[in-house]
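In this document, chain identifiers A, B, C and D correspond to the written order of the chains, with residue numbering beginning at 1 in each.
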C-alpha cells in the first residue's frame, strides 16, 4: 500500500522534472497527515475537557489552560515537523495569507485547503467513533458575545498569529527562523487562553470545520472563516508593507504546482 | 491605506538617508502593534479568569497559572517577533532601562513609551466593547499588602526581568542571544506566579495603564510606574557595572531618532 | 563499584575495536538509567494525582494537565540528555520503529527493550516502597472505551510521536535536529492531554509495563504493546516511503552490537 | 554605591592579573543575585499557593503544577542568565557535584555555597516582611513518608537533575549546550510534579535552607542536604565514569579562586 502511494507521489514529481524538496503531492500529503494529527489531538483534548455539552459555555480557567496547552504544543511541534515539507500550514488562514502575498500558487492553495478540511473532517468523525459517539465540541460564541464582536476577536487573534509568523519566519532579518514554527504554536496557546471563553479562539477555519461537520452544528460558522482569513491576510499585508525592508514576491515553495 | 502608511514610513527613512533595519517610524509602529497584541491577549485572559470583580482579590493558584501562562507565551513570542525591528520592548520599564545606560536616544524613548501607552489603552477599550462592557481587571495590591510592600515586590520582579534581559541579550558573552527574547517571556511567567496574588505582578507600566484608563480605577497606580522603572533601571546599572567585562555605550539601534 | 562497571564497559568497547561514541554497552546503560528516571517521574506524578484508585477513571482536566506536563518535560529533557549516547529512545515503540527501517541491529533492539522494561519495573517497585505501598496507576481504558477503540487511539497517538521524530530528527532536511528530542517530549504532552482520559495515552509499552508488573493488573495490557508498536512502525514506514527524498538505510548508531 | 562595589570587584580581578570572564568575585556575586531571585520567585509562588499552613500537606495537583511551573521557568531562565558568569549553579548540590569531579576549586565551592545560603535567607526574610508575616513554606515529608524514604526520593530527583546537566552541558558530544541550562529548569519542573507532594522535591539545599531559617522549622532538614548532595555527586561520578569518552579534569572556570 505504502509502496503504491509512494510510486504515485514520485511519478508526479518526475512528471514535473522536479525531484526537489517541495514536490507538490508530497506537500499536500504532509498537510493532510499533519492537520489530521493536529485536529485529532486538539479536539480530543476538548472532548476530554467536557466542553461538548452546551456550545459557548465558559470553561473554568484551569480547564481552558489544559486545552490551550494541548493546542499550543501540538501546533508548535506539528508545524515544525512539516515545515521543510509543505511549509507546515495546517490552517487555511496561513495558506491564504501566503497566497495573498504571492508566496503560493493558486492551485497549491486550493489543494492545501482541501487537504486541511478533509483531514479535520476525518479526525472528528474518527473521534466520534473512538469515544462511542461523544460530541466533538464546536467553536461557538460565548454567552453575550454578538457575531460582530466575535468576528473582531477572531480577526485580532489570527492577525497576531500571522504577524509573528511573518516576523519570525519570512522576514530575512529574523534570527529565529528554525524555532519560528515552534513559537507560532506558543502564540496559539496564549491566544487560546485569551479568546477561548469568548469565541473558542479558533484562528483556523479547518480546526472549526471538522467539529461542525461531525455534529451538524453550523451556528455562526462563517465567523470562523471570515475572521481568520481576514485577520491573517491583514497581517500579511501589514507586515510586508511596513516592516520588511527587502521584499521578495517569489514563491516560497517550488514544485509542480 | 497600507500603501499610504508605507509611503509615510519610507519617506521618513529616506529623509534621514537611512534605509537600514532600524528605521525609527518602523520601530515605533512595531512597538504599537506588538504592545497592542500583548495587552489584548494578557488582559483578555485576565478577564476570562474572572479576576475583574474585586481588585486585589486572590485568584486560585490554577487560575493564576492560566493567566501567567498566557502572559508568558504572549510576551515570549511577541518580543521575539519584534526583536529585529524595534528591540521588542513592549514595556516602558525596558525602554527606560535601555535609555538610562545610553543604548537609546531620549527622543526614541519618548516615542516608544507613547506608542506602548496608546496601544495598551486601545486594546483595553476594544476589549470592553468586544465583551459587552466587562471590566478590564486593574493591577491592585493583595489583601493586607501595603503600598511600600507592593512597591518593593514590583522592584524585585522587574529587576529580575531586566537582569536576565541584560545577561542573555546584551552581554556579548551570552550564547543564547537568539532565544533570549523567548526566555524573557518565560521569566515573566514565573514572576507572575510569584507576585500575581500580591501585586498583580505587573513589571510593565503600559500593561497596568490600559486597564486603569478603561475602568477609571487609578488606586495605587503609581506603584506600577515607580516599581518597574526603578527595578528595571537598577538591574541595568547593576549588570553593566558589575557583570559586563567589555562595556559599550553605543546605541543598540540606529535610525533617524 | 563505578570503577568496576566502567572497566566492564570499556572492555566491551575495546573488544570490538571501537572506542567511539556509540559503544553498545554504554548505550544500553543509558537506556536503563534514562528510562528509569522517566518512568520514576511520570508514575510518581500520576500517583500524586491520585489516579491510582480506580483504573480508567477520568481525571479532572487540570489534574491531567499536571500529569501531562510532568511526562512532557521529563521526556523532552531525558531524551535530549541521552540522544548522543543511545539515541535517547526510552520507549520500545521508538526502538522497534528504528529497527523496522534498518537503523538498528536486531541485537541492539533486544538489549534496548530489555533495559527499558527492567528500568520501568525497578522504578515502579521502588515507588511502591518509597510511598509506603501506594498503587502505581496502570494504563487503562476509559469508561465506555472498547479495546479496539483504545487500540486505534494508541496507534494514532504513537504514529504522531514517531512521525514528528522522523521529520525533525531523521530527515536530513530538518533544520531543528538539535531541539528535535525536546519537541518529541512536547508532543507527548499534547497527546497525553488528548488521550489521557480515554486510554491513558501511553504511546510507550515500557511506561505501561512497570505499573502493570508492580500491581499485577494486566487488564488490556496488550493494547499498550500492539498500539504503540503498530503506530510507531507505521509512522516510520510512511515517513520514509513518502517524505524522505534521499533515503539511507544505514544504521544510525555504530558499535559492537 | 554600584561604582564602589565595581571598584572592589575589578580590584580583585586585577590582583590576580585576570581580566577574563570568570573573575571570582564577579561569579560569587552572580550566584548571590541569581539565587536570591530564584528563591524569591519560588517561595513566593509557594506562599501564594497557600502551602504554608501545615508542612507536608499534599497540594491539589493543579496547584502543585502552578508552583512547579514557577520553579521550572525561574530555574531555566536564571541558570541560563548566569551560565557565562558563574556557571549558573544557584544550588549547592550542583556546586558540590562540580567540585567532586575537580571542575571547581575548594575555595570557590565554599564561596558559592555561602552566597547561595545567604541569598536564600535574604529572600525568605524579605518575603515575610513583604507579605506582612506570612509563613514561608518549608520542605517537609508528606503524610506517611519516613525520612529514609524521603531521602531516597531526593537522591533520585537530584541524580536526575545532575545527570542531565552533565549530559547536556559538560559532555563534549552534546549538541545542545546553549539550551542546556534552560532544560535543567524544565527537569526541575517535571521532578517537582513527581515529588512535590512526597518530599517537596527540593533537589537544592539552598532552596530548603531559607524557609527553614525564616520560620525556625528545621524538622528533617538534614534530608534536604544529604539527599541532594548525595544524588548530585552520584550522578557526576556515574556520568563521568561511564558515559564521557574523553574525560577532562580541568577546572571549568578559571579566575582568582
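Just so it is clear, a contact is a pair of C-beta atoms (placed from the backbone, for glycine too) under 8 Å apart; a residue touches a chain by one contact, two chains touch by 3 or more.
All figures in this text were calculated on a predicted structure; none of them were measured in a lab.
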Would you mind checking the shortest number of contact hops between chain A and chain C? 1
Considering only chains that satisfy the touch condition with chain C, which of them also satisfy it with chain D? none
Compare the two sides of the chain B and chain D interface and say whether they are made mostly of the same residue numbers, over half shared, or of different ones. different
Magnitude of the superposing rotation for chain A and chain B (Cα, nearest 5°): 90
Taking each chain's centre as the mean of its CA atoms, which one is farthest from the centre of chain C? B
Round to the nearest whole Å and give the separation of the Cα centres of chain B and chain D. 29
Just give me the whole-number Å value for how far the CA centre of chain A lies from that of chain D. 40
Multi-partner residues of chain B (each touching 2 or more other chains): 60, 62, 65, 69, 72, 179
Touching pairs here come out as A-B, A-C, B-D, C-D
Give every residue of chain A touching chain C within the complex, in rising order. 2-3, 5-6, 9, 19-21, 26, 29-30, 33, 37, 40-42, 44-45, 48-50, 60, 62-63, 65-67, 69-74, 76-78, 80-85, 126, 129-132, 177-179, 182
As the complex stands, chain D meets chain C at residues 58, 60-62, 64-65, 68-69, 72, 144-146, 149, 152-153, 156-157, 159-160, 163-164, 167-168, 171, 173-176, 179, 183-184, 186-187, 189-191, 193-198, 237-238, 241-243, 245
